[in-house]
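Next up, some structures in structure tokens.
Two complexes, one shared chain (chain A), two partners (chain B, chain C).
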Partner chain A sequence: MKKEYIKHLCIRKLCILGVRKLNYLRIMGNSKLFKGSLNTIILKMLEEEGKMYGYEITQKVKELTKGELNITEGALYPALHKLEAEGLLDVEVAKVDNRLRKYYKLTEQGEKETVNRLAELEDFIRSMQQLVNPDWSIQ
Partner chain B sequence: MAISKEEVLYIDNYLKFLGIKYLDVRLEILDHLASEFESTEKQINLGDFLRTKRPFVKNYENQWQKAKHWGHQKALIKRILGYFYKPNQLFIPICIGIFLGFNTTLLPKSLIAISFFISLIVPQCIHFYVYYKPVGIYKNIQSAKYILSIMALPSIFMYLMGIMAPIVKESPTVFYAYWFFAMVFNIAGLQEVMILKRQIVKTYNKLISN
Partner chain C sequence: MKLSQDQIQELFRFTRAHYVEYYDLQLELVDHLANGIERQWEQNPNLSFELAKNREFRKFGVFGFEDVIKQRRKAMSKRYWAIIWSYFKEWWSLPKIIGTLAIISVVFTFLKLLPNGDLKIGLVEGVFLCFTLLMLYRTFQLKRHMEGLWRKWMLQEKIYEQGLLVQLFLLPMHVWNTEWVNGNMGDVYFEIGLSILIVSMGILLKLCGFVIPSKADELLAETYPNIKFLSFCNNFHFWLTYKPNNNIQPLCLNDLLPCNGNPFLDRRTLARA
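So, the complex of A and B:
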């Protein structure tokens, strides 16, 4: 009886670990796919919202993807700074509550670049769909 | 739950303790940490929370420097290339060409050498002046460091002169080509420096005066 109970516990533990591992892999896999599109995602967010701060972007992306995509601060800020240095983003510092906050918004060049990058991404998705599942491809 | 003034000060001191010296870098990390702490639903001690964020804080400055450095170098190269294909910027290489033509035809050899060195030294002096004025800009703002890094590539023409001298002395064509590209790089660098300085002053004017 005791042996069976231990066996049952072990199987249960393994199942939990397995599900966790699968979830981890699923998230990691998605992250890798999303990684190449991170700059485009940021530009798109800013195009829609006007101006946003770093933490707000991570939360908005999480909300829109229902938790599927979690942009870490370690990935977000280098991307934001690169886009800023390339002249695609403009920065504004404002006092909010009891601290200063850095807002990012698109420059004129950034607006043009967003349109180009979204078109590129759309083409990529269309090509991928044609490759992976021709029946579902966007017409 | 909104974070109190004392807690903001605590985060600020923690960042100073971790070596985040510049205000423009600190303000963004501070706001991120404060926003995340405010949105955590669990009751957590601020000190414990900050300890979990230590790797992010430690990496932030390095990643910032890397992203910014390459971003500015890319912008500089883009500007230089733009001189040769953008119709509204073509006048810059044309003006440099006219200047070099004027030097060749009107100036004696000794004055050409002086003119060459002045044309390379003046942009370097201007960018140092831009970097050190006003004082608060290089003391408080990390972004201002890139004023120096932008001009690193154009300054190579000055430092390479020692190696290039024998080749340049033998062939006037190589000398004028060298001079032409040195001026193109320096003018493009100065333009980037001015744009960056304007941006810094506009964005961080509150921090510069601190």
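So, the complex of A and C:
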């Protein structure tokens, strides 16, 4: 009886872990490749739009990638809060309709960091392109 | 179609039921859910509020708001330590450095004058014990204050529980009565180190227990630009208008906040009102 109970507990724990893993993989919708770029995507969005709120960011990303990329809520807010704690984002609260809305915008430090991170990402893309699709021609 | 005030309150209640205790997080999540529900209603106006709400909540994954709360807590801890650090840096202005050095030397002389033995060990341990008790007392005092508040803010909680520094304060007591300490008691360097430790613990206690909590409102105002208004609403205006028995809802000035029909009142607050 006790053994069975322990087995049951173990299976339950494993299931929970599995589900959590799946949940994280779902973070960037379709590909694990996007996972590391979530913060850069958020920073870039804010650089272009000025100030945005959480829901708007998810919708905008969906719209720009025509539904290819889906930032889940469980990943977006932790990322936003982390960036806020790092001092890259600033918060503004405004009343919209009948509720309060929290807007995020880049701080000065955030603006600098965005440029850095985008340059990093571009470098990465360039290197990947060279690796995947090397140019063998002699000029 | 837009959500009504009652439905917004229902969303606040919903986040509260899912263990989101803090108003800063509630605000954000309620707005998110509300946006999602309104978007669903645009596509299907006949959808019931409950169904739309549950569908929207499901998007947060099986663990609901848990991950969001966890990350937020981490972020706020980071912020709290940054606050301590900034106050600590401010501390080191010239007159304060001189004062601190003077206190350190006084403690050192006192330690030097005391004869080595049980009395000395007991006295130093007593000092540590006093610090810890004072810290604990302050933590409980601030916690009580927090319990009475209508809306809780995560940063405020961090400030009031003082980053759980009590644990750090208990540390010297664990290593105190060891052979190493007893053997080194008469050593000059050990005594210098000990006096620096005692004074820096005192500074930390003053900063975390008294200076930072007294500036909690200012610090929150920096984090949330509307807080001044909020804390006014939190305490003063709320006491004036809330009457639990005859169903009169508290109204906020300029109707800036959706605070009618407050679902988060604990018994303590109700008893006071």
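Rule of thumb we're sticking to: the second predicted complex is superposed on the first by the 104 of 139 C-alpha atoms of A that agree within 3 Å, B and C clash if a C-alpha of one lies under 4 Å from a C-alpha of the other, contacts with A are read in each partner's own complex, and residues count from 1 in each chain.
Throughout what follows, contacts are C-beta pairs under 8 Å (C-beta built on N, C-alpha and C of every residue); 3 or more make two chains touch, one makes a residue touch a chain.
All values derive from a computational prediction rather than experimental measurement.
Overlap between chain B and chain C is detected when the two structures are superposed via chain A.
When the two complexes are overlaid on their common chain A, residue A:Phe124 makes contact with neither chain B nor chain C.
Touch criterion met: A:Arg101 reaches chain B and chain C at once. Taken together, the two structures place residues 53-56, 59, 73-74, 77-79, 81-82, 84-86, 91-93, 96-102 of chain A in contact with chain B in one case and with chain C in the other. Taken in their complex, chain C has these residues touching chain A: 2-5, 8, 27-32, 34-36, 39, 59-63, 67-68, 70-72, 74-76, 78-79, 223-226, 256-258. Taken in their complex, chain A has these residues touching chain C: 19-20, 23, 26, 53-56, 59, 72-75, 77-79, 81-82, 84-86, 91-93, 95-102.
On the side of chain B, the complex with chain A involves touching residues 2-5, 8, 27-28, 30-32, 34-36, 39, 55-56, 59-60, 63-64, 66-68, 70-72, 74-75, 146, 199, 203-204, 206-207.
Per the touch definition, chain A reaches chain B in the complex via residues 53-56, 59, 73-74, 77-79, 81-87, 90-93, 96-102.
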